[in-house]
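Next come the structures, one after another.
You will see two complexes here that share subunit A, one where it goes with subunit B and one where it goes with subunit C.
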Partner chain A sequence: MKLIKKNRLKDFLNTLMNYYDVFAPVLKHKKIRFQKISTPEEVILEYSNTHNKPTELFFPQCEVLFEVDLKENIPEQPPKPDKPVIVFGIRPCDARSLQILDKVFHWDGVDDPYYFARRNNAILIVMGCTEPRSTCFCTSVGSGPMDHNGADLFLTELPEAYAIEPVSEKGKAVFEQVNDLLEDATEGELKSLAELTRRAEQMIDSEVNLNGLSDKLRGMFDHPVWDEFHLSCIGCGTCTYLCPTCHCFDILDEKKGNYVRRIRFWDCCMYPYFTLQSSGHNPRPTQKQRVRQRVMHKFQYFVENFGEIACVGCGRCILNCPVNLDIRSILKRLMEVKG
Partner chain B sequence: MGINPYTPYPVTIKRVVVENEDKDIKSFELVFTNPEHEKAFNYLPGQFAEISVWGYGECPIGMASSPTEKGILRFTVKKTGGVVTTALHNLQPGRQIGVRGPLGNSYPVNEIKGKNIFIIGGGFAFTTLRSLLTYLIHPDNRNNYADITVIYGARSPGELIYKDEIALWQQRDDLNVYITVDKADEHWDGLEGFVPTIAEQVIKSWDNGVAFVCGPPIMIKFTIPVLLKAGFPPELIYTSLEMRMKCGIGKCGRCNIGPKYVCKHGPIFTFAELQQLPSEY
Partner chain C sequence: MSIEQNIREISRKLLSDGVVDLIIGYGQGTLPYATTPVFIRNADDVEQLIWNPCCTNNLALYVRRELEQANKKKDARPLKIGVVTKKCDAKAMVELIRENQLKRESIVVIAVPCSGMLDKAKLHKRAGDRELLRVEVSGSEVILAGRGFEIKVNRDEVLRDNCLVCKDPESLPIADEIVVEKDDYKKPYVEDDFSDVKEHEKLSPQERWAVFRAEFENCIRCYACRNACPMCYCSECFAECSQPRWLGGSVELKDVLFFQIVRVLHQAGRCVDCGACAAACPMDLDIRKYTRKLNYDALNIFRFETGVSPDDKPLLATFSIDDTQEFITEPE
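Here is the complex of A and B:
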């Protein structure tokens, strides 16, 4: 096991910045989110998780798909950055959410070129969670605070250092690039790593048993239980904008003079406009239907199409809901009612 | 589709046909700017495409032309009050727009060989059925199918679309064509009555048939029981669904009915498939 001492982390990041565009958690408008850093000092290391979802680095809130010069009529795509990217400090739940998005953006072999251009260009240095939040429930959705899935390199914070493990081939290459800065772990540090890993999993105290939920939900579309959940929902859409597996988007044109650019931007199933047809017909006109859609999509429809649930237990929707809707309570209720 | 599934092919509007008396349904005949694109745009009846009007955006429209009609692509579009259909209706021949597709599944033109075909349409939803019919009666294909029956109706004579072609279909001796209107006017000497009523008079038994039903929800609602009563298995009744769509390739997440995405698993579904889905459409 190799380590990077805390007082050498600055050198570690500087080395990475020689080769890569490095994105890391920084403080912006009083919220922690991932941004490209220009100095290691910007990086916030004391954080449970970022406010914004890091999937925005791969699927940004708004992006230009292409531009059209109306005189030429030929769609042109914007240029792509060529320097490889490192995402430093992404949490295991969020790394896992990217594996879930991979499935959507590669459905039936139709690749989303914008998403995969960024995804294939990036290396994930995942930071294990030694201090999970009270809203975290990753262990209920098949993951955990030290889940290495989706990581290229995995870091765990110890008292004096970070344990560093290469997970993928890409990660091994980075490991070689920073090799000079690494040291071997002592017996005591190895013990400390094992202890912290065990403790982190114990610290996640919210447990939702989801065994058999997706099968049960298949027959519950018209169940009266759906009359309860939406009552306090104000349809603000905060949950969808912060959810790392939410991926719904809208596409529209912006025009200035002879130039048109086609943009896509996040959209939200909590809004009535989401499904409103131009004829005036709306298949989901009520908040009840929209809340049901969101829950069913993540815990039933997604399972049917991709074989896993579209929730990584990051807890952002619970932490930020203005009316205290808690997805864990919804799931518990769905599990306990008679199907 | 090209390497980037979001980039439309440039096309030029060759001809615009006003299809109805209300003048809110127009057919647009399009030609590809680049012949390579036409080759790449390999479609079957029932599929749809996203039409781009630069500066206004895209909207999903079913193809009204048949792949047997080389050189042109036809869409029949109702001006619904939406941004794109309104902009499109203002365009004249010669203007360039974009087409992205073909998208979605198609009518099962190969699986239905040897069967009796019933094409039942109402209002302006006859568009992809026109594509299907044109495909089936093409000299290369006609012998692959047994009897073909067409039942098509509109609110009034002036609201029937493809009037010139209807006249040609009615002259053919290898088609049974029933054109009806909800309410006749002084010039109408054809059938009068709702499509489900005419269907009930015409279709007495299943008789190894397959039915394609497109129209307003109320028409579909009353036509399907007629077919079931005649003995049609739900697996052999096809319809085409509409939903608000953006990407057309199963990613933007808005056209699902339960776990099925209309853009990807549809837009063509059998009645048997619809029975398995929640009634949220």
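Here is the complex of A and C:
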């Protein structure tokens, strides 16, 4: 096991910045979110998780798909990334959410070129969670605070250093690039790593039993339990816009002067206009149907389509919902009612 | 008896006597600084109702929505709702009554003496942005605790700003059932001199624009501010209107700023300063700053305050020949 001492982390990041555009958690307007850094000093290391979802680096809230100059009639492609990217300090839950998005953006074997241009260009340095939040429930959705799935390199914070493990081929290449800065772990440090890993998993005290839920939900579309949840929902986009696995979008053509551009931007199933058709018909006219859709999509339809739950248990929706409509409470209730 | 027990007692009676069909109030949240709105139709369920200084949501929003939905059903008996009401909810309901969005006879106002609500952002700041696992309020003290820390803060210092300037929170403009129990803590009252608005007005247009941009370029356009606001009830919001389309779909400055500017301007003479928008914002943006400017103008120019009496007309529905016209500028 190799280590990077805490006092050498600056050199570590500087080395990475020689080869890559490095994105890391920074403080932007009171909130911690991922941004491209220009110095290692910007990086926030004491964070439970970022406020905004890091998946926005790969699937941004708004992106231009193409622009056309009506005079010239030449479609202009959006610029391609020229330098490979490192995402430093992404949490295991969020790294997993990217694996979930990979499936969506590779539906029917067709790659979404915009998403995968960024995704294939990026290396994830995942930071294990040694201090999970009380709202974290990753262990309930098949993951954990030290889940290496989706990581290229995996870091774990020890008292004086970070344990560093290459996970993928990409990760190994980075590992070689920073090899000079690494040291071998002592026996004490190895013990400390094992202890922290064990402790982190114990610290997840928010447990939701989801055994058999997706099968159960298949027969529950018209269940009266759906009359309960939406009452307090105000229909805003906080839960979806902060959710790392939410991926619904809309496309719009915008014209300015001689320029027309096609943009793609996040949409949200909580909005009444999400399903409004040009005929005027809306298949989901009430908030009850919209709340049901969000839960069903994550815990039933996605399981049916892609074989896994589209929730990584990061707790962002719980922490930020303006009316404290807690997804864990909904899930518990769905588990306990008679299907 | 506590305020909470008093609320339950009144609610139980209203439901079991058949005076109301539904009680809207606050229930236990899952975070130590949050409550969640609850909808009670059965007298046996009133134990779900709670009262504490985290009852931030403005319930007038739900009252209007529930009545609107009930009234859509043909031949249905008119719905009557009992509402656990603090002053800002009452003010919002007053405005909704004045704008013909709510019928006074459809609601039973359970008037609760409010002693100010806690500001989530202030609590987090005082805890050094560490996770809060326990928030305990006793008298003028608030205990904030998490993993490995416990601090005591002065309750006055963690109240929402709009609560600080709220005058006589115990006297509501509309009330039917009065909660007589009182909190043992008295909220400080700070007379609102709108000094923040006046300071902002002193800036040049360029500087004001810079302040506005710096704040709202972080907006994620989730519409939480709009949807948490009891006064935002348009069945079709301009932000989503597609024929014609007023704004684009992006979160680029041009769209976000346009959304926020128009949202705020639609509050002229209507905002009750309940702070629901600011509390709902997941990005902690200073949303209240701009509605305060409108409230200041309404007061300063027209001597108008929202939420005073359901019998008066709304500001924008009145005209007096003596109205000042100073704000009307001639085109150059």
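Just so it is clear, the second predicted complex is superposed on the first by the 336 of 339 C-alpha atoms of A that agree within 3 Å, B and C clash if a C-alpha of one lies under 4 Å from a C-alpha of the other, contacts with A are read in each partner's own complex, and residues count from 1 in each chain.
Everything below uses one rule, namely that a contact is a pair of C-beta atoms (placed from the backbone, for glycine too) under 8 Å apart; a residue touches a chain by one contact, two chains touch by 3 or more.
These numbers were taken from a predicted model, which means no experiment stands behind them.
In the superposed model, A:C248 lies in contact with subunit B only, and not with subunit C. By the touch criterion stated above, A:L231 is placed in contact with subunit C alone, subunit B being left untouched.
With both structures placed on the common chain, the touch criterion links A:D326 to subunit C but leaves subunit B unconnected. With both structures placed on the common chain, the touch criterion links A:F265 to subunit C but leaves subunit B unconnected. When the two complexes are laid over each other on chain A, subunit A has residues 250, 252 in contact with both subunit B and subunit C. Contacts from subunit C toward subunit A in the complex involve residues 29-31, 34-39, 57, 61-62, 121, 131, 133, 147, 214-215, 218, 220-224, 226-228, 240, 248-252, 279-280, 282-284. Residue ranges of subunit A in contact with subunit B, taken from their complex: 65-66, 68, 70, 73-75, 77, 104-105, 107-108, 110, 112-114, 221-222, 247-253, 255, 260, 262, 264, 267, 269, 274-280, 283-284, 289, 293, 296-297, 300-301, 304-305. Those residues of subunit B that touch subunit A in the shared complex are 1, 3-8, 10, 33, 52, 54-59, 80-82, 85, 96, 98, 242-244, 246-247, 249-254, 256-259, 264, 278, 280-281. The residues of subunit A lying in touch with subunit C in their complex are 28-31, 48, 51-52, 61-62, 131, 133-135, 231-232, 234-238, 241-242, 250, 252, 254, 263, 265, 268, 271-273, 318-320, 322-326, 328-329.
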